[in-house]
Amino acid sequence: MIRFTTSGESHGKALVAIIEGIPAGLKINQEYINKELSRRQQGYGRGKRMLIEQDKAEILSGVRHQRTLGSPITLLIPNKDYKNNQDIMSPFSYTKVVKPLLKPRPGHADLPGLIKYGLEDVRDILERASARETAARVAVGAVCKTFLKEFKIDIMSYTLQVGNVISDVSAVQKGEFWKNVETSSLKCPDIKAELQMRRLIDRVLKKGDTLGGKVVVVAKNVPIGLGSHTQWDLKFDGRLARSLISIQAVKSVEFGLGVKLAETLGSAAHDEIFYSKKNGFYRTTNRAGGIEGGLSNGEPITITCTMKPLPSLVNSLTSVNLETKKMSKAEVVRSDVCAVASLGVVCESALACEIASAFKEKFGADSLNDIKNNFNSYNKRQKAL
Amino acid sequence: MIRFTTSGESHGKALVAIIEGIPAGLKINQEYINKELSRRQQGYGRGKRMLIEQDKAEILSGVRHQRTLGSPITLLIPNKDYKNNQDIMSPFSYTKVVKPLLKPRPGHADLPGLIKYGLEDVRDILERASARETAARVAVGAVCKTFLKEFKIDIMSYTLQVGNVISDVSAVQKGEFWKNVETSSLKCPDIKAELQMRRLIDRVLKKGDTLGGKVVVVAKNVPIGLGSHTQWDLKFDGRLARSLISIQAVKSVEFGLGVKLAETLGSAAHDEIFYSKKNGFYRTTNRAGGIEGGLSNGEPITITCTMKPLPSLVNSLTSVNLETKKMSKAEVVRSDVCAVASLGVVCESALACEIASAFKEKFGADSLNDIKNNFNSYNKRQKAL
Amino acid sequence: MIRFTTSGESHGKALVAIIEGIPAGLKINQEYINKELSRRQQGYGRGKRMLIEQDKAEILSGVRHQRTLGSPITLLIPNKDYKNNQDIMSPFSYTKVVKPLLKPRPGHADLPGLIKYGLEDVRDILERASARETAARVAVGAVCKTFLKEFKIDIMSYTLQVGNVISDVSAVQKGEFWKNVETSSLKCPDIKAELQMRRLIDRVLKKGDTLGGKVVVVAKNVPIGLGSHTQWDLKFDGRLARSLISIQAVKSVEFGLGVKLAETLGSAAHDEIFYSKKNGFYRTTNRAGGIEGGLSNGEPITITCTMKPLPSLVNSLTSVNLETKKMSKAEVVRSDVCAVASLGVVCESALACEIASAFKEKFGADSLNDIKNNFNSYNKRQKAL
Amino acid sequence: MIRFTTSGESHGKALVAIIEGIPAGLKINQEYINKELSRRQQGYGRGKRMLIEQDKAEILSGVRHQRTLGSPITLLIPNKDYKNNQDIMSPFSYTKVVKPLLKPRPGHADLPGLIKYGLEDVRDILERASARETAARVAVGAVCKTFLKEFKIDIMSYTLQVGNVISDVSAVQKGEFWKNVETSSLKCPDIKAELQMRRLIDRVLKKGDTLGGKVVVVAKNVPIGLGSHTQWDLKFDGRLARSLISIQAVKSVEFGLGVKLAETLGSAAHDEIFYSKKNGFYRTTNRAGGIEGGLSNGEPITITCTMKPLPSLVNSLTSVNLETKKMSKAEVVRSDVCAVASLGVVCESALACEIASAFKEKFGADSLNDIKNNFNSYNKRQKAL
């Protein structure tokens, strides 16, 4: 089992994550973690805070001389913006009066959060609910990806849609696909679509509005048999869905063909099974998105996530002042026009963590070398089928 | 916390479920549980096994004189078809040779399950992976619904789509909506669409093919503040997504507007906040599907689930014989043409269990009366805001 | 991970247990489970109910043709005494008046249970709190022991003390030890002590009083490295302690020298480390009871549990009538004079479940053969140290 | 539910703890946390590291203006000794050769840890296994105690035994008891015994040996009904036992009379039940240590923990050099002669965390005020019995 916890408010001192269960003997590259953090901060349409924060993770525990010890790994990402918010966010008592935020923003945790926790200042909720928290998840994801790379498991993502502009994925040449994604300012494989997306973002920015979209996350070389069909809470797709929906602004997940499966006939909706001496069992389609019966089936795990347009609007929505109960415009909090490109990186992290966790449950062990032995022994058995 | 486990193979002796955490003092009506089980078995397009099994749950523990004791509740649903399968499914050693099933069905757990567990007879996997398991979940759901009804929380579902036929929900008169659903053989609110769906099912049945679709599950009167924005694994939508995706054949979940949010502008994608003395805070839209920032916001929780067409086909798909490794048609196992109407009932159960669990975490307590006190006290505080 | 749940009231229809995570391909012998159940029911000093109930477990799921499928295993133990208690324990509404029990027994869950759950009839608590529940745990334990035997892990127990009679363990010849335990009516290795214990039991029975004692549970051949030093809730001794203390009437657990360690000097309290080519690292003492730093260290896990004298007394203790609030003798419920011999069997089961669970976490895998491969590969690495 | 995780190596940069589930609106006093940290570092017999480290916890998240937000609370305790160990403990690659520790210490995680995790330098294990980790637990405990104080739940501890010197608790005047504990350099209520303990410590220090002992932890005013009799893993004593045994060097836990219950007759082993209008149900004895049937019964929870003598000896024990396999004295690592007084503080923390967690499960809610309402409503119901 791998488990992780994040903590930290958006303008507090720092974000922190503790990850447990990463096996001992794994080489950790701090630069790689920071590169992943930087990937999260990029993307056409991100706001100005990205200029303030250039996230770097400090490793506080669990790693010695670049190698994991099997003990909990602590990653600390300081909030550079804290220095501008010390009075507001101090854990100590304060002398100056800090003006509370009283107009909860629709689409955020603001109002249900205040009611649940019996608090009165919207800031008491928004600071933790902020998507800035995903920086901590990306740091955790970078560690999990490092682990998975040892087994050639690759996790990638691309932008399928921004607003009403949809990538024509089928038109992209296979060899160009991931190259385009890498160089695209929106992680979009379809260069023409990207241009339209950028124009759309520019237009919407001027109107003070925001844009959602869709991203596709893919995990390649996932072994057959993660998850289980035997109990509802062990199904691998269920676990992945929880992890992805838990990301701020994600409102749907689709496995494989997803919503299109509703209108597809059974004869065209599944992945027929073939066999060759060289490859063992294989499929020529991946309509299931790599999961059958709650189990990974060896095909790329492929999940489409819908992101709602961010609810922090410059032309803010109608709300109510909590004190006066009068209708009022919601608080305006700095945000992005479009964060779809960043979402991809966060989804990759979520996927990486769940795969790493299920991988370790299946292959057990506490030292990287032991896991490799167990993994190889499983593959050998499988080939001998 | 409420937790539950199910067990049982499709043609084994029985399905069993154990539910823990239901408070003491709740009146349990066995008839109601059986009625829910019967709802699951209905629907135009279901196969012949439904005639064999008329599920009844026997209460083995946790209930005395119709009232819960706070102890684990055990529900046992005998499989009537076991008597025809005793040799095949016996837990004891057997003398007769039972012919193994060797041709795994695409779209099922069959192949990844066999590989994972190192087994050789497809039956060893399909028996547990079968959607018959959902009968146990529906029994558990009936108990959870009984609990939630004490707080006026109602859980319903309807069929939005079967194959390419989509209900025109907007055309249905409000007062007719749930009445239509109740009387419809497909739980469809749009009577015209239902007719088309039935015709489609008839046509597809003749071709030996199967149909998927979409259902919408709704929970009304859920209090504000279930779930939490504070940690990824506490988000309520994440928990619900796990639970729904874990249902056999569900391949996507969408909250509120779901995939449509990708193309909606921020200014039109959220639910503005209003206030009246009588109603407190309220919304006039429910695009979020009742969840903001991982918290229930008091609006109906509304989730759309896509069901893939069942992969047990009469004209079965291409597969491989596990022994000979030769290409072969997959095993043919009795199944349904279309089980979308049943799926709704199962989704209701999944929703009921998660809401009941989060409800009990929020309001604590072990006796129904205490929970009512706590619930009322929370509502009173909320009204005084 | 292996997890299990039990359910059932003492005089309800049945006890049920569901176990998950037992790997596929394990041979299950129903006779062995029943033999273990029978061991639990024996012992000098057990009461008359033992004559009524001769527990047999029925396997309802998870096993096909004597072999596990990897799916949840359901074990059902009918309560033969239910037929005499149908009116009293029926899950249905009842017409006859059933007299409530109103005088909670000190030392039982009766009073705190009633208060917690807001109930009024002592029976509503005592039925589930009864140590009869341990029959279900023993059935689960038998399955876990079957799994562990594949790896030569043996779990045994013996009676160290009954009342003030203490076995002189040092006086027993090594070769006689377990033989004596097996043939002893009290699972006592010291034949002389056993005789005294039986006399004591006879005397105390006449007085209507009860006796506690101590049992020692031992697990041999546990591999090095179960549990972890890295986090408080992963320590193996902590997990074992929870499991053992959770057994009805157990009031203390001691690892290795236990309470004697308080007065032992550091130089005499630990197990020095030696090495030989043949045996690898080894110890010549086992003061730690097989656990160092929260990890199994390869020596026999050795835990002493204290059982309080059963609080169901014929000459019942002072209590209060819940209705009248008048002082009153507590309810008299049929029980045993001394159940120390049975406790050993239950402790073995608890130990077996925790070891099996930690074992599977360490060696992963879902098929028995894979686990064997992983286990052997770990042992090979260890020997190459 | 309250959950917490700690991280950090003994000579790494810092210890960190993240606590989740503390309700919103609780006043947090950083001084109090530091006072608790300081209590842990005191006690006659502690070593020199205590002079280097004067632990202070920095609050990184979850608290704003001294009040909890309901979000995860992060506490960071820098290791002052890190500056002297940077090369040795750096997470980065290192140029200088750091000499590995090769002689595992008996009684520590050293050897089983290295084998489990496939590591080669004893330091890779001992740094995390060190009891310095308990500083993080004490910080967490201070937060939980703050929460519990709102409900008048007090948690204390005293030293019962050091080596073979046992406090004569019965000889201490009731009014003096806790005053003596507070002023004692060994948290010992019996002033005469304390003097003997100090002399013993002095003598043993000279010999280069170490001392264990016993502490008693007590929680007063715990409400009736924490934990549950309904399932093995919900029993409150089981949870407490896990938590206490998970503390470094604790080798036994005893509830109430503990091991003495083995020799006590049933008629003298339980706490009879009385009733008065003023006090409701009450007891005049507390042999059960406040727990019956896995449930708190309203009496002080009273647990005795045995601490083994610390295994880090100046005259170190026999071990084996991991490289040469030759017999060798174990590594000598700076430690304490006797840490029994500190153990009490750590046990208090463990108790506080489990009580706080069970308390929140029972009374639910996310805001301190709501919990108070629920708590009062429960008490009112109880009084009306």
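Letters are used for the chains, namely A, B, C and D, taken in the order the chains are written, and counting of residues starts over at 1 for each.
Please note the rule applied: a residue touches a chain if its C-beta (ideal position, glycine included) is under 8 Å from a C-beta of that chain, and two chains touch if they have at least 3 such contacts.
The structure presented is a predicted model; accordingly, all values stated were derived computationally and were not measured.
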- Show which chains lie in contact with chain A and also with chain B. C, D
- Query: Stepping chain to touching chain, what's the minimum from chain A to chain C?
  - Reply: 1
- Tell me which of C-D and B-C has more C-beta pairs in contact. C-D
- Per the centroid of Cα atoms for each chain, what is the distance between chain B and chain C, given in Å? 37
- Note on the structure: CA centroids of chain B and chain D: separation to the nearest Å works out as 44
- Separation of mean Cα positions, chain D and chain C [Å, integer]: 27
- Which residues belonging to chain C are in contact with no fewer than two other chains? 5-6, 20, 70-72, 116-118, 125, 128, 225, 228, 230-231, 362, 366, 369-370, 381
- Any idea which chain C residues touch chain B in the complex? 5-9, 12-16, 18, 20, 23-25, 28, 30, 59-66, 69-74, 76, 89-94, 98, 116-119, 123-125, 127-128, 366-370
- Write out the stretch or stretches of chain B touching chain A in their complex. 5-6, 104, 106-113, 115-118, 125, 128-129, 137, 161, 163-164, 204, 209-214, 224-225, 228-233, 235, 237-248, 251-259, 261-267, 269-275, 281, 283, 288-289, 292-298, 306-311, 313, 315, 317-320, 322, 325, 327, 330, 350, 362, 381-382, 385
- Item | chain A-touching residues of chain C, taken from the complex the two chains share | 1, 20, 70-72, 225, 228, 230-231, 360-366, 369-370, 373-374, 377-378, 381
